[in-house]
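Labels for the chains are A, B, C, D, E and F, by order of writing; each one numbers its residues from 1.
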Amino acid sequence: MKFGILVNEGPYTHQAADTAYQFALAVINKGHEITRVFFYHDGVNNGTRLTTPPQDDRNIVSRWSEFANTHNIDLVICVAAAQRRGICDSGESKRNGKDTDNIAPGFRISGLGQLIEASILSDRLVVFGD
Amino acid sequence: MKFGILVNEGPYTHQAADTAYQFALAVINKGHEITRVFFYHDGVNNGTRLTTPPQDDRNIVSRWSEFANTHNIDLVICVAAAQRRGICDSGESKRNGKDTDNIAPGFRISGLGQLIEASILSDRLVVFGD
Amino acid sequence: MSLIHTVNKSPFDRNTLDSCLRLAAKGSSVLLIEDGVYGAIKGTEKSDLVTNAMSSIAFYVLGPDLQARGVSSDKLISGIKIVGYGDFVDLVAQHSATQAWL
Amino acid sequence: MSLIHTVNKSPFDRNTLDSCLRLAAKGSSVLLIEDGVYGAIKGTEKSDLVTNAMSSIAFYVLGPDLQARGVSSDKLISGIKIVGYGDFVDLVAQHSATQAWL
Amino acid sequence: MSDKGGTVKKLMYINRKAPYGTIYALESLEVVLIGAAFDQNISLAFIDDGVYQLAKGQNTEALGVKNFSPTYKALGDYDINKIYVEKESLQARGLNQDDLMALTYEDEDDDWAEKNSIHIVSTKEMSDILEQQDVVFSF
Amino acid sequence: MSDKGGTVKKLMYINRKAPYGTIYALESLEVVLIGAAFDQNISLAFIDDGVYQLAKGQNTEALGVKNFSPTYKALGDYDINKIYVEKESLQARGLNQDDLMALTYEDEDDDWAEKNSIHIVSTKEMSDILEQQDVVFSF
């Protein structure tokens, strides 16, 4: 079966980002497919490479990056939500006149259409939020 | 009178960041003093210079920066909360092995002691959160 | 001098107004802000909560938050005072400390 | 096939469990996750809410979230099934759609 | 079910949060507008504090934030006209339909007659509508 | 009141949120530990879902997050021993003191006798304690 996953909250503050990850891992372990993980609202903050969590804690961002790399998962950050919250890749950075970017490996920035498309192409959409 | 202000939530998602700003502005307009504005939890996300809000919307980050500049206000971002969420200045960036930083003008990164100190040095502490 | 309590969540969504009114001492004040302003409206399932507390607690509501949400002053529980951000500062100054029910 | 509803907030803090149970159809399922697992405990002010709904709705609770919060299985309302993340995936697959009460 | 060509799914957006206190209402509306281009079977549900999103007379000038309530009135132009509001949620808040903005659409199957998009429904009716959905978005 | 030298203020930390679902409990505890160095008059209140922070037997292994509950037991070593738990909050949740971790401190004024840091108080008592504070932290 094909699963779409929507993550509405950022890392560490709300458990949503953790539950979504554990769920995504279980989807793969059960032999299903993940169409896309879409990050919306504060969820876009899952995709910054500038986090440095305490050494005895999990690294939520790099966990997503490794997950994407290992299982070839499409991690999409909503561009509109990302602009409000300060997440950008090099293209967005240039377009918006910024001097740097902060996107983490394995994530890409795209439009809300990707969320709708994921919901249509997937057999199930599961939402994690506050 | 001296006011300390604590901001616990990030920009745009929760109104706390807006209410805190309007309150801070009113404190100054009433002739009081602001000891410090301390940003904790997701509040640290108020201090990234990478935001690009829609043109017809307020710019929460630059509004803080201008406020700090105009009224000489101490805007302090908690270092521990910032590390979890990916906010850093150039010093923090180097220390944590990052290739860039994202702090906005007028903000500085420091420890939680600054919050306790602000609460002791101020006549009133006012908290804005979720 | 007594405490001033701020409540910023809708009483239909969260328990903060309930908790605030359970623990607010006689003579203290409550300021409803942000989505908390829905607690100031008369004729709702939560109106009695505020009405019953008014004998011992002073209630204020932030005007800009009411206007944003389309709540006109004639919809408010009688006795709740509408204030602005400047009054918010005055209220904090006039009370011994502030407790935000988050 | 019917819906599966997820509730991730404490019923003492938010209204999501109430709203979920008001609107969940007969034959649908509810999975309590994160702080929502507090709704699965017997002998609380909110236990009746769940007990009364059990005749028409199947209840599940996420084990890892229970353990983290120190809630042992003997404290649960009888009839609620403890599941893991893999079961969470199965439950989503077995229901027609998922509604997250946020 | 996962065929790409010509799939039309029932997509519902659940709105349960008040406007302005958080951004969820505004960003949900942004998804609805983008999603309108996908030719799916769209409906919106307003439950609990979500009913406040449709309140008349919103004026955000003193707040310094954008008043996005006029956007709901444009939904009819996007062919979004199945807007369900739970009656019990209105009643708990002392509200009735007169307190909500009028949302309308022009019915092309009825000589472009202007019709009401808002349907006040009971809890049971809302529950039945929910059960029919293929995808439920909540924010 | 804003004198720097020797000011001792009454600082209270209000804990109203459950652990793990959000980070507020953990990050509040981090403030308490840092604040302990400032020689102020510190107390902690556990109200509503905050009482769950003190629950016995927390085990986060399956969750993959850090179990920070042992840190509460260290508060006594930081001279933080005024820990107030609202009785009504416990009762609403079917809990009593036996469900909470034992938090103790050694009383230097009483030959270092080990004493209980947790005080179960009524709503009225909690209300009175709150009124006495100079600063109330809530997260």
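In this section, a contact is a pair of C-beta atoms (placed from the backbone, for glycine too) under 8 Å apart; a residue touches a chain by one contact, two chains touch by 3 or more.
Since this is a predicted model, take the numbers as computed values, not measurements.
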| item | value |
| --- | --- |
| Smallest number of contact steps required from chain A to reach chain E | 1 |
| Centroid-based (C-alpha) most distant chain relative to chain E | F |
| Two chains joined by the most C-beta pairs in contact, as defined above | A-B |
| For chain B paired with chain F, centre-to-centre distance based on mean C-alpha positions, whole Å | 26 |
| Whole-Å gap between the CA centroids of chain C and chain D | 33 |
| Chain B-chain E separation of Cα centroids, rounded to whole Å | 35 |
| In chain C, residues with contacts to at least two other chains | 8, 12-13, 15, 34-35, 64, 84, 97-98, 100, 102 |
| Numbers and ranges of chain A residues touching at least 2 other chains | 8, 12-13, 15, 22, 41, 54, 80, 84, 123, 125, 127, 129 |
| Per-residue overlap in chain F, given as positions that touch at least 2 other chains | 20-24, 48, 63, 65, 135-136, 138-139 |
| In contact (per the touch rule at the top): chain pairs | A-B, A-D, A-E, A-F, B-C, B-E, B-F, C-D, C-E, C-F, D-E, D-F |
| Residues of chain B that touch chain A when the two form their complex | 10-13, 41-42, 45, 48-54, 61, 80, 83-88, 92-93, 96, 98, 100-102 |
| Residues of chain A touching chain F in the complex | 12-15, 18, 22, 54, 56-58 |
| Residue ranges of chain E touching chain C (in the complex, touch as defined) | 17-22, 48-49, 52, 55-63, 65, 67, 69, 92-94 |
| Chain B partner contacts - residues on chain F that touch it in the complex | 1-2, 4, 7, 9, 11, 23-24, 27, 30-31, 34-35, 37-38, 40, 135-139 |
| Of all residues in chain C, those that touch chain B in their complex | 6, 8, 33-35, 64, 84-86, 88-90, 92-93, 97-98, 100, 102 |
